[in-house]
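Worksheet for the structure shown next.
Which chain is which? They are A, B, C and D, in the order written, and residues in each are numbered from 1.
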Amino acid sequence: MNILRLDRRVIFVLIALATALPLLFPVNLPISVSPRVKAAYDTVDRLPAGSYVLVSLDYEPDIMAELQPMSIAVLRHCFRKGLKPVVLTLYPAAPGLIERALDVASKAEGKKRNEDFVFLGYKSGNQSVILGLGESIRTMFPTDFWGTPLEQIPMMRGHNSYADFPLVINLTGSSIADYYIRIAATRYRRPLVLGATAVMTSDYYPYLSSGQVQGLIGGMKGAAEYERQMGLFGDARRGMDAQSLVHVVIVLLVIVGNVALFLSGGMRGGASGGTGGGTGGGIRRP
Amino acid sequence: MNLDAQTWIAAFLTLCVFSFLYRDNPFYRFAEHLFVGASAGYLLAVNYQNVLRPNLIRPLAQGHMIALVPLFLGVILLGRMWSRTSGIARWSLAFYVGIYSGIAIPSYFQGQVFAQLADAVKPFAPGWGAVNSALVLIGFLTVLSYFYFSLPHRGVHGMSARVGIWFLMVAFGASFGYTVMARVSLLISRVQFLLRDWLHLIPGA
Amino acid sequence: MNPQLDTRLFEPARLNLLIGLALFVLFLVVNIARARGGAAMFIRPMAGLKAVEEAIGRATEMGRPVLYVPGLGDMSEGGTLASITILSRVARRTAEMGCDLEVPGYDPVATTMMEGAARQAYVEAGRGDSFRAGSVHYVSAQQFAYVAAVTGYMLRERPAANIFMGSFYAESLFLAETGNLTGAIQIAGTDQVTQLPFFVCACDYALLGEELYAASAYLGREPIQLATIAAQDWAKGLAAGIVIVASILTALGHPEVGRLLQTR
Amino acid sequence: MRNGPYVVTFLTGALIVSFFFIPHHRAQEAQSVILDWSNVVYAFALILGSVTLWAGHQRKVATRAPGWAYSVVTLASLAFVTIWGVAQGVEEGTAVNAFYNSVNSPLASTMFALLAFFIASAAFRAFRARNTEATLLLVTAIVMMIGRVSVGEFIWPGFPKLTEWLLDVPNLAAKRAVAMGVGLGAVSTALRIILGIDRTYLGRS
């Protein structure tokens, strides 16, 4: 028996099972909603029906796992409240994903393109586009994603810049969020709801306390909380069972490893691995 | 392309990559080589469409002779292909490194040095929060002392650096544990793709 | 976009930054003068750096290559600039030992520079003709395509030592775990704080944050380079002083000091 | 002439640093022109790099080196994507875009998803309580992992609060100090280059 040198493929199999089984057989573990997600939900929920919302969805397929369920949940919430989202993206590989999210959300809530929502598509230029939206949406996006001139879309009449939108929502996995905070929230003083990948989220806590951001949805967990708040059972909540199980499996593996180490007498420093950091400056593997 | 065919191709490539977990094999090797070629080509095409066309070809076609400057800098860089002309490329590299060092200096100074300083001198939180503020301050100073290179880690400085290491270790542990969820999210999404979009074993969103 | 064109020649909101920068340059100049004057520059040893030498030695003994991964930063990232200098030292060592060096590049401009730096290091070691054309080469500027190629190399060529120096992102753990599987000695250094936990866990040695920069100056052991580390230390001392004084003043009811550090 | 490139680096570097402090519109316009030029240089470097990539794989095919068949895959995908992307563009609806969506995207997302496995194997191997530092790393990582998922709340309702504390106090303190040190190190490295103290980047140390 040598658990300490367990073939890593055993670990891989455990992780694969812990991910796939809960997706096939969901148990729907309860989750609690954090105040940050609650604040995001309430900000959307408080808007009167018919309000326009500018929604910038800026992520590419490699991180869609965290943000696509979030987009669907937030869009469904907008539709359910009778809000009118105007959706755009600043990433070239994103339109396909957004088209799918809009399709799922609008069908689920029975809404129609160009009457209940508009999809402007992709525009290159990151920061300069975000700045440009403060002046004129039509200059930045002369047509919508499918090539219809904005002039011919009745829903867009009289809506051309931040001033016409009582809420801006940005869901992203990159520093696009910083630009929206700096430009839409700070310069144009628009209420802003932010969604981010889990890794990014804690970097944006300070903007919540400073009031520049009204609500913050972090990663798959945040999306699951949003779904829970809406009473939905979407991809994020489905994923959370798998999350719980994988986390537990890793923790158990670590505990087993340490028990084995203790039993083999390695705790007193007899095993390989050296003294750890702090002596010479660099760090040996702890 | 047919959406079904796209799903099958994507599923095949997904499995090719997953096979890496077992060990290196021809499927992974195929996916790897395909990926390298496709991404290098994609970057070339994107740079042609978004950089060379608007910033070089169009201005030259319209007679803006100033665009000869970047053309010259670019062409001499290609001198690196042959050893006899390789030296001339140094001029455009010198230009390039000057620009980006010039960008780095104020942006690191503002974004990392001053921004952190400004955050570090914010007033202590009231009540029990002050304990946390004090801990942050102690952590900041001890970790900074770990990075003080001109003194050996002995005596008071050594103790402070050691406490700094403890703070670093706690931060690393927290950061590691925190990242697990993000990575598992990505795996869940790939498994969902296989089980739902490809095999239709679980219901749609 | 702005109807009123800005005609100011100085941004007053950045005066504090300008003063700070001037002060830092002053620290640099003073320390370089000290070094030129022959003052001894003590820089504490870094275990990770000694390990680089050992790793190259082991690779030579085993007759296997050294893999140097310069990170996925572009030229505006300090980590990439530091990595070029470190590569030049590593290449000098592999040239002297007669060990094969493999450097897959991510940023094409940085790769071009690294090729020149490595070639020069071989020439300076008197081994210009043993520099293998194509040992420093561009792979892909797409993160995971790059990772696929580098991990493929690790599995097939089995380098004896993997040296990761520069700015790394999510790929850090991918590279380090694959390298661990192949049994290579692994030494990493990055300025990306979010990736440090993974390098610390999966590599034999890790240079943390600023140590990467110190390493780029330290490896040359030239007094003038070391003087720049001393200047950084002075700046850190000053920063610590400012934080302590400002915290005391704020506690006494004078929070103004903090505002002097706000920038735009 | 030998020192010419270093003068270029110094001048462009100093110019870009000064633009940071000069809000005058002409300075800002000049900066964006120079940045456009640097993008052109980048594009040419990409061409240079891709040519060497091509040549390397071509050599493998020509000499029938081991694994040469895989190099054919790289060459074919590189040629296909480059030619179509340059001729037709890379926007939604083009062949290259469809290719990107069915090849590059699933490959990139699956590669990224493999990190979920590696984070588990790294945790198992590295998180061993051998000494104080390693124990701190291990304990915080475990607390963090349990506290992030719903199971944690069942075990002890205080877990989510504890994880937030770990992120907001020790993690913040350490990150802040590391960021400041990195900022200073980066500034000093860039200054060494602009001032000509470090000359390795142009191939002369």
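Simple rule for what comes next: contacts are C-beta pairs under 8 Å (C-beta built on N, C-alpha and C of every residue); 3 or more make two chains touch, one makes a residue touch a chain.
Note that this is a predicted model, so its numbers are computed, not measured.
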Between A-D and B-C, the pair with more C-beta contacts: B-C
Reference chain C; chain at largest CA-centroid distance: A
Approximate Å spacing (C-alpha centroids) for the pair chain B, chain C: 14
For chain A paired with chain D, centre-to-centre distance based on mean C-alpha positions, whole Å: 21
Intercentroid distance (Cα basis), chain C paired with chain A, Å: 32
Gap in Å, rounded to a whole number, between the CA centres of chain D and chain C: 13
Shared interface positions of chain C, touching two or more other chains: 14, 17, 21, 24, 44, 77-78, 81, 109, 112-113, 116, 139-142, 144-145, 148, 156, 193-194, 196-198, 200-202, 208-211, 214, 229, 232, 235-236, 239
Sequence positions of chain D contacting 2 or more other chains: 20-21, 41-42, 45-46, 48-50, 52-53, 67, 90, 100-101, 104-109, 111-117, 119, 121, 123, 125-127, 132-134, 137-138, 141-142, 145, 148-149, 167-168, 175, 178-182, 184, 186-187, 190-191, 193, 201-203
Shared-contact residues (touching 2 or more other chains) in chain A: 8, 12, 15-16, 19, 62-65, 199, 202, 221, 243, 246-247, 250, 277-279, 281, 283, 285-286
Chain A to chain B touching residues, read off their complex: 9, 12, 15-16, 19-20, 23-24, 62-66, 68-69, 72, 104, 124, 197-199, 202, 219-221, 234-235, 238-239, 242-243, 246-247, 250, 277-279, 281, 286
Chain D to chain C touching residues, read off their complex: 20-25, 28, 41-42, 45-46, 48-50, 52-53, 56, 67, 104, 107-108, 111-112, 114-115, 118-119, 121-123, 125-127, 137, 175, 178-182, 184-193, 197-198, 200-205
Residue ranges of chain C touching chain D (in the complex, touch as defined): 5-11, 14, 17-18, 21, 24-25, 28, 32, 77-79, 81-82, 84-85, 88, 105, 108-109, 111-113, 116-117, 119-121, 124, 134, 137-145, 147-148, 156, 170, 173-174, 176-177, 180, 191, 193, 196-198, 200-202, 208-210, 212-214, 216-217, 220, 224-225, 228-229, 231-232, 235-236, 239
Chain A - residues contacting chain C, complex: 8, 62, 131-132, 135, 199, 277, 279-286
Chain B-facing residues of chain C, complex: 14, 16-17, 20-21, 24, 41-44, 74-78, 81, 109, 112-113, 115-116, 139-142, 144-145, 148-149, 151-152, 155-156, 193-194, 196-198, 200-201, 208-211, 214, 229-230, 232-233, 235-237, 239-240, 242-244, 246-247, 250-251, 255, 257-258, 261-263
